[in-house]
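Chain naming follows the written order as A, B, C and D, and within any one chain the residues start at number 1.
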Amino acid sequence: MIGFCLVGGGFIGPVHAANIVANPRARLRWVVDVDRAAADKLTGKFGGRATSDLDEALADDAVGAVMICTPPRTHGPIIERAARAGKAVFCEKPIDLDLSRVDACGRVLADTGTPFYVAFNRRFDPSHRALCDAIRAGDIGRTEMLVVSSRDPEISPPDYVAAMPFGIFYDTMIHDFDMLRWLTADEPVEIVAHTACMLDERTNPHHDPDTAMVMLRMAGGALVHVNSSFRAVYGYDQRIEAFGERGMLISQNRQPTTLERYGADGIRRDPLLRFFIERYAESYALELDAFIAAIEARRPPAIGFEDGRRALVIAEAAVTSAKSGAPVAIPR
Amino acid sequence: MIGFCLVGGGFIGPVHAANIVANPRARLRWVVDVDRAAADKLTGKFGGRATSDLDEALADDAVGAVMICTPPRTHGPIIERAARAGKAVFCEKPIDLDLSRVDACGRVLADTGTPFYVAFNRRFDPSHRALCDAIRAGDIGRTEMLVVSSRDPEISPPDYVAAMPFGIFYDTMIHDFDMLRWLTADEPVEIVAHTACMLDERTNPHHDPDTAMVMLRMAGGALVHVNSSFRAVYGYDQRIEAFGERGMLISQNRQPTTLERYGADGIRRDPLLRFFIERYAESYALELDAFIAAIEARRPPAIGFEDGRRALVIAEAAVTSAKSGAPVAIPR
Amino acid sequence: MIGFCLVGGGFIGPVHAANIVANPRARLRWVVDVDRAAADKLTGKFGGRATSDLDEALADDAVGAVMICTPPRTHGPIIERAARAGKAVFCEKPIDLDLSRVDACGRVLADTGTPFYVAFNRRFDPSHRALCDAIRAGDIGRTEMLVVSSRDPEISPPDYVAAMPFGIFYDTMIHDFDMLRWLTADEPVEIVAHTACMLDERTNPHHDPDTAMVMLRMAGGALVHVNSSFRAVYGYDQRIEAFGERGMLISQNRQPTTLERYGADGIRRDPLLRFFIERYAESYALELDAFIAAIEARRPPAIGFEDGRRALVIAEAAVTSAKSGAPVAIPR
Amino acid sequence: MIGFCLVGGGFIGPVHAANIVANPRARLRWVVDVDRAAADKLTGKFGGRATSDLDEALADDAVGAVMICTPPRTHGPIIERAARAGKAVFCEKPIDLDLSRVDACGRVLADTGTPFYVAFNRRFDPSHRALCDAIRAGDIGRTEMLVVSSRDPEISPPDYVAAMPFGIFYDTMIHDFDMLRWLTADEPVEIVAHTACMLDERTNPHHDPDTAMVMLRMAGGALVHVNSSFRAVYGYDQRIEAFGERGMLISQNRQPTTLERYGADGIRRDPLLRFFIERYAESYALELDAFIAAIEARRPPAIGFEDGRRALVIAEAAVTSAKSGAPVAIPR
């Protein structure tokens, strides 16, 4: 049984809070938010104590793990305070947007020996995981190509976009940068990126890229393509296709029901699940369970600091390539 | 190379004529129609000679086979004349609607030793055939249940319906009565049938059944269900499902293209192929080729007189049950 | 917030207990089982107090509802005791196997004005419900045919089968008898049933029917077919197809992942979800939530006593028909 | 009615010859092959006269069109001789592998006013065409991304590969270079290409690229990705995905049957159609019909000289990029 201190009551906070409550081996002890009302709102629904003072929660011995759900630029200091307080850390991605800040965190984590998990939850999606398992089992032999579609139904609000330029790489495709490392068990050595602004002034006032395609070469020779958009009107479009010497695996999209409607104008099924919270509902619950299991077994969590760091390195290279138009080598 | 005399230039005639022309081992020699203009129209497009006099064509030694595409009630005399002229016979289903007439034909065919094929073309549909092959190969073990959907997009014109009451059994489901014998390699021993008139006065003025469900027991114990309708607005709906001790096989529907359209309101594919001529285009060509191969090899055609007779016996039992509401034993 | 007393810690008990714990408006107060150890096991995992004495739990004012998960033949007395104690009742299907016993229950429920829910959970399955909503919305116009496949991956253990002969109707197809009333908003007037024993001596030593097909006529004229088997080796096969004047709706099967595996021998997807607990996981949680909402709002639960009674009446008629081979009128 | 002189009896020749014979408005007059036996073989099956002397056939006034099915490097002289003889030209792709040779052809075609068709048959595939029609109809609004999978089941024989290095661009992806121009009604301005040799020494002794990914930018801003491989063991994998502001269109793969096999290990469908001759059987017949219709109506054929030239220009740029690793501007 692990006591959790959840930091950040905003967007993704309630998802994690509900999973903590539903998990028989977890307990929600504290919700911390600089906006005390936000913290109160969460504890009102899910239990636990609310505070705006992180130190108060960290001082509680019943807290074994800190779950960080705040905006990316605030992750660093919270990670370090939690690590120094001897708590395990479950951190939303990305670790930070600044690589030197990430590395500073890494040193603190290493010094304190803190168990650290970065929440690339998609690795726990049952279909993506089944695809990975099939690759590992050798079902398609050597993986020769990976083709990933990673599209959101809409762009984030303007202030969120303004706070994280090139979010299409840092916030969205960063999941895919992690996934391609995981699926190929290999590292990319080069990336070339194309971006475009397809949305109009009203929805994308900062003219931040809302459409992107990249190609990568893996050290072992495999070729990878990822494409992304912020206006998949038909829902959250998340497909992974692995092609190899003995076949192909596709993790297909998911829909809310299996209903098929046959009419004179054709056969119609539901649009895709609308948003990542529904699309990845299972993976959020499963990553929490795996984190708890790792902490209890004193094993390192499944996705660690270096995974979070590498994904950021690739995202940075993507941004550089998108700006220059030229291929960019990805440093080790 | 076999010379054909095609009798009946109406509905299905042009389909067979085109296949004869396209088949490298067949030649269209004659088109016979009591309406000489109809015969002329076909020969104008596909070649061969037109006549309204069947005897003229039967006298031609270059004719090796007679293909009968006239209305069911005329089949008997034509079959007998062709048989007595020493020609092989390719006859559209049903052989006749009157069982005593069918039996009379059968005696002539036996006496003359005429190669006879009754055109249950669906046995040649690649998907249905693959299903049959899989059953024969033991893929699902013993077949325990068969569930067949056999639905037309619309009812025939009123005069056609008037000429063949209970056409839903005699004209439509008769294909399925043949298919279930073929797929199970067994005979049905009992049938119970429900019918309904769902169409309105305008499209079904004779109040002939336009909707039907039957259940049959096979001698070997398998249970069979077939359902039919004359208004599948989404196209020609033809599915066969075989359930057995080791699994299930489904021959699914066919569509004109593979296009998928993703929009905010869902994912849409084409409606089904609209009519039996498109739906079974391949099977019409394949049955002709098999008929020719059998004649050339002096083997009996794949679907013979007894097959045509049995399907009619089952259809008659279905009509009897639909009228009485009670189960009806199917005579051997 | 409603306090629950769960009676019967066996098979389905833990499913309901977990849903009670996860539901923010429910609390698990008691688990009652004649086998005290079974009750202890459940409370050990999910909380609440264990007892083998139903009266002890019924005496607790914090208990607002009794959830009955015991074998069917024990339902009657528990329903009546709960009703007389003034508790709402959530009862697993069937209400009882004996119609006179059911009617006795009905009188007690009426006299006491007890809110009563019979757990035909499939009505809450998102895909089946979307199909029902589409029918109600008029998407296919009048429903003309209903074709239902309702197949289990395996037969129940011999002692369970021995305790409920013709369980294929009383225990399995009873769900479909309820569904067809719900989907058509109509009552069946006649049924004809075929059954078979396809399983071997070892798995079905009592030679109870393990395979069945029925056809029904609805009062409004629609035709219905249901088929069932106890050995769908490919998983829990549950499909509903509604055919109407303007189209067709199919609630298709569900699979654990969306992975597609392309190899030289074809394209392979997962088998179906294996058992009803996974297949209907969502519907169990949703029915509980709807029950709570109804109790809180003092509305009758969505599926009431008469629904439970009617399904049993149809099941009895199915058994009679299966034994005689003749169609059986279904009493109102 | 148009008389055809087919030049080149090899690989694709018989496909075109059968379509000429089956088309009611075409007649096969001559088959020309430097290997007279190859010509004889075709005329033996499909009719017409055989010769190894192109001039003999060109001298025949009954010949209205020359269909060129010889290896790419021989196209130029044949095109020019046919043009000077006043015949319409139907030419397999690519026009030639050498751009200056192509341009020389172009001048002759212009001078002689010869109707010229380059056989990018995939534009006539019913599913690809339905996708194009939907784009043109505005179903997805502006096309923002195009993702194309274009994979062959195997590599060509070594001598074929040796004769055309970088055939993955010049011979295979050249179809897709044409398709992307057609689908977007726009021109690409830049390409970046990655290639790899994944096959072993035995199947790819010349170490010619057998795996490739490219990204292109269209003048209008759309982003395009194409990937290709020479070992799709599951069949001929040809998918086009167009993503736009109002949705997505996917032209999916095709399979020989619709059979679904449900077993304990999953649900299996057929592998894809094995080779381009089956996969594109319909498009070969349809392109011929469209060519004949254009000639008869004195309209330019649907896909003309400039289309053939542009596809080659893009293929050359792809080769340049694959060699240098850098993006390459595509000249107008």
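The definition used in the following text is that contacts are C-beta pairs under 8 Å (C-beta built on N, C-alpha and C of every residue); 3 or more make two chains touch, one makes a residue touch a chain.
Worth saying up front: this structure is predicted, and the values here are computed from it rather than measured.
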Chains touching both chain A and chain D: B, C
Result of counting contacting C-beta pairs for A-B and B-D, higher pair: B-D
Chain at maximum distance from chain B, centres defined as averaged CA atoms: A
Averaged-CA centre spacing for the pair chain D and chain B, given as whole angstrom: 39
Distance from chain B to chain A - Cα centre to Cα centre, in angstrom: 57
Shared-contact residues (touching 2 or more other chains) in chain A: 233-234, 246-248, 261-264, 270
Residues of chain C touching chain B in the complex: 142, 144-145, 147, 149, 151, 192, 194, 196, 198, 211-213, 215, 217, 221-223, 225, 227, 229, 231-234, 237, 243, 245-248, 325-327
Partner chain A, residues of chain C touching it in the complex: 22, 24, 45, 126-127, 130-131, 134, 139, 246-254, 256-264, 270
Contact set on chain C toward chain D in their complex: 233-234, 255, 261-272
